[in-house]
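You will see subunit A twice below: alongside subunit B first, and alongside subunit C after that.
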Partner chain A sequence: MGVFNPAFWIFVSVIAGIYAIMALGLYVQFSLAGLPNFGHVAFMAVAAYTMAILAVRYQVPLLWSSLAGIVAAIALAFIFGIPTLRLRADYLAIATVAGGEIIRYLAMNLPDLTGGPVGSMAMLGPTKLAMYNGGWQAMLGAISRAVSSFLGVTLSRDAVMAAIVWILAALLIILIWRLERSPWGRVQKGIREDDVAVAAVGKDVVAFKMQALVLGAVLGGLSGLLLAFQIGVFSPDDFLPTLTFYAYLILILGGSNRIYAIPVGAIAFSLLYSGTRFLNFFPLSLFDSGSRAFLRLFLVGALLVLFMALRPQGLLGDRRQLMLEK
Partner chain B sequence: MWQHFAQLVINGVITGTILALTGVGATLVFGIQRIANFAHGEYLTFAAYLGLILNASLGQNLIVATFGAVIGTALLALGLHYLVLRPLRGRGLVAMSLITVGIGLMLRDVVFLVAGPQIRQLAIDQSAVYDLGIVRISPGQAVAIGITLVVAPALAIFLSSTGTGKAMRAVADNRDLAAISGIDIDRIGAYVWILAGGLAGIGGILFAVVQGTFDPNLGYQVLFLIFTTVVLGGIGSAYGALVAGLVLGLIMELSTWSGLAGGLEPRFKPLLAFVTLILLLLYRPQGLFGKARVL
Partner chain C sequence: MSVLLELSELRKSFGGVAAVAGASFGVADGSITAVIGPNGAGKSTVFNLASGFMRPDTGSIRFGGADITGRRADAVARAGLVRAFQTARVLTRMTVEENMRLAARAQPGERLGAAWLMPRAVARREEEVCARAAELLGLIRLQHLARDYAGALSGGQRKLLELGRALMAEPRMLLLDEPMAGVAPVLAEQLLDHIRVLRAEHGITICVIEHDMDVVMSLSDRVIVMDEGRVIAQGTPEEVQRNDKVIEAYLGRLAGAEADRLAEQAAS
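Right after this comes the complex of A and B.
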């Protein structure tokens, strides 16, 4: 596909919107509540797999199987959170890194349930093609027809998808923005800066942390579902641990961990990410397309280190927000 | 059935010692530098590929390759300490973790770029089997046993009897008390990276020969086993990590024993380690040997 093909850019914008929702989940956990979740991708994978398994095997309607996917993501948040939230922050980081790998490992090694390395299309065995997103495509088609009959504009299904994803992302960002300025959000920021002080004024610190973890898991699960709907057939390789660090980079790229920076970061990241395929000039032409994927990940790592290094007050610290006199 | 049991014990001890050696490095870094080093797995990968270059490309034998990998990885760890981690210290636990994640991504993808994603193996006969009566071991396992028989006791003596070893344990145990008793924290902080890098170097070579084949994801795949070892032994406890590595290795292998109600399917071994980690965090977060204290 060429640079000037609009279908390509619609595709990029869908992915950017999904990444924005994914990063928003991490924003709630990491930027707002200070919880280092290094296995965000596990929430996405669990939601997507639960939805697909229910839809394919038990013909559960899409709405209910999607809700079940979100519930599964919440359950995973409890599995991560209950043992670790009483402990120092790095224990959560260790548990989530381990959990992210385990979910992917299970998806690889339970081929009867998940389709194994082949992916979701092998869920019913090698002979039958398993599809889970018929309902979603039908809905996109119906919306597309409705739009063209009312407004007289023809929108492709991908354009409808982009609209849905971005409207959803915008609504969720506004919701979290409101939540951040509510008493609940202020308690979360207080815990982030000094949980002992917050506990001393009688707040249940562990419960607040758990709420942030669960809310982030819901958003992560939602982005996992949208990703599954968008790509149609997914495999464990679509939920590599690096996805989590894309989300971190989006938070940091947008600048200073502000919530309005998330869509900016998501768009910037998606442009960088999908734009690299057009960068064929020297010296990038020295790398073939396979190596360029690794080069891209190397840059993700380098940017993480660089941004962390260049922010001397630390990523999370914003004490001014909490001080009485500014 | 008992033959199977003996075989699993051998396998478990081998995997366990590798985890124990790398775990000691990681736990001392954790205790002394206050860093959960998410790049630790990549140190193993780096070592395995360094060994591969020396062994396969330059035609050195496995002993030379191991020495080279140990020295190279120790220098890598020390270099990253002085170039990145030391200048950035004091950023807080979470920020430092994210920095080590970034370092890990960079290291892993440099290996991917330089060596390519294909599966590699060290120059060691993969098909041969030594029959020792009731158990059979591969040449890779024999090498692993040989190396650990030298390294594990040496490490234990280093930690228990040398001044530097004692100082390391003291700093990991209580930084402030160690400092006022005259231990140079900065110097120990550099030494611990040399030790952790060297042990990761041995661990990387051992995983490479025991598994037979490896790719640049070698280290990342065992990172959470190393962390489980560290938590199991109690963060900062070197002896704890030595025992915990063995325990974890034996638990994972023996769970597949046919005498145990048919045994667990081998593909669920990593899941067992994860369950161990979660149960541990729930009921004994200070680990088997760590002291219970407010974290």
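Right after this comes the complex of A and C.
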């Protein structure tokens, strides 16, 4: 697809919106509560697989299978949190790194349940093609038809999806923004600074951390569901550990501790990431397209290093706050 | 007077070293009690045990008639026993005001559901909290810094802020670990006044670890002397000053040095 194809940019904006929700989950955990979660992708994967398995194998309606996906993400948050949240932050970091990979390897090695490395379309075995998002596509189509009959403009399904994703992202950001400014958010920020001091004035630090972890898991799970709906079929390769780090990059690009910077970061990241695919001119055209894909990752990495060196507070961050001594 | 905090036979070892080796003492309701002793006597460990930041190996802790042995620190604080730390632990990337408000009790907005769904109840309580925070910031003379980040405060100001934050938690009793350490003399004098006011006007019981003997003698009703993890003497400041064991273990070293210096002066 060329640079000037609107369909391509609509697709990019859908992904950017999904990434914004994913990063919002990490924001609650990492930026707000100070919980280093390096396995955010696990919440996405667990929600997506739970939803797809229930929808494909048990014909559970999409709404209920999606809710079950969110519940599974919450359960995973408890599994990560119960043994580690009483300990130093490092232990949660280790548990989530390992947990994220365990989920992916389980998905890879339980082919009867998950379709294995082939992905969700092999869930019913090699002979039957399994699809989980017929209901979702039908809904997008219905909305698209309704819009065109009322307003007279024809919207593609991707455009409807982009609208849904970004409206959802905006609502969730407002919701979390309100929470951040509430006394609940104040306690979370205190815990991020010094959990001992917060315990000393009578706050149940472990319970607060668990709430942040679970809330982040719900948002992560939701973004996993949306990603699954968008791409139609998925495999363990769609939930690589790098996805977690994309979420961190979005927070860093926009400016950590700034919730309104998340959409900015998500858009900036998606532009960087998909924009670099148009670097097909000389001298880059000397590489074949496969090598250029790696070059793209390399360029994204280099840009981020530059960012950290020159503008550590992100696009919209407050340098003054960053420079305060502990 | 009744005993508010009672520690019985507390023991705590770290890798074979007994930091507290069977310490027992009580703090009377409404008193100012000082805990003194040489470095390594186990004073701070006793505070950590009493405030729930460490669990005793053996022994029991009673507060206000209830057994609080083994309760977590936040539960102990909610029961009314609030501590301040030797090096003040302020929340540096939050404002002075936020540091204070954070410690308020009974704010429904700290529950996830209420924070979203009950904005009016949250705002009503927040008004009370703000008023109380402003009042206490006046008491500790930090109101002009209310909107500054706590990370911009000096060491002495951080100590004051921590005291104020502890008061926001509506304590029945405060455990203060060297509240004067690192505080400029003028500020320290003010802090002493605050501590006296807290007891006199608010009826808050205070237990304080302090090294400055002048402060101990002028401030406290009762002094507990620790050495090598045990309580070696307790009584009024006058009684403790005259106690032979205390002079030997603690004051004695100073008195001896002073005597040596005088003898040297006489000889020359």
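The working rule: the second predicted complex is superposed on the first by the 279 of 326 C-alpha atoms of A that agree within 3 Å, B and C clash if a C-alpha of one lies under 4 Å from a C-alpha of the other, contacts with A are read in each partner's own complex, and residues count from 1 in each chain.
Here is the rule we use: a residue touches a chain if its C-beta (ideal position, glycine included) is under 8 Å from a C-beta of that chain, and two chains touch if they have at least 3 such contacts.
All values derive from a computational prediction rather than experimental measurement.
In the superposed pair of complexes, A:309 makes contact with subunit B only, with no contact to subunit C. In the superposed model, A:175 lies in contact with subunit C only, and not with subunit B. Legend: residue contacts after superposition of the two complexes on their common chain; A:105 is shown touching subunit B, with no touch to subunit C. Looking at the shared chain after the overlay, A:205 reaches subunit C, while subunit B stays out of its contact range. Within the complex, the subunit A residues that touch subunit B are 30, 34, 36, 38, 79, 82-84, 86-91, 93-95, 97-99, 101-102, 105-106, 109, 241-242, 245, 248, 287, 290-291, 294-295, 297-298, 300-305, 308-309, 314-317.
Those residues of subunit C whose C-beta lies close enough to touch subunit A in the complex are 51, 53, 72-75, 77-78, 82-85, 89-94, 98-99, 101-105, 107, 109-112, 115-116, 122, 126, 149, 151-152, 162, 165-166, 168-169. Within the complex formed with subunit C, the residues of subunit A that make contact are 175, 178-179, 182-187, 189-190, 193-194, 196-205, 211, 215, 321, 324-326. Of all the residues in subunit B, the ones that touch subunit A in their complex are 36, 38, 84, 87-88, 91-95, 97-99, 101-110, 112-113, 117, 220-221, 223-224, 227-228, 231, 267-268, 270-271, 273-274, 277-279, 281-282, 285, 295.
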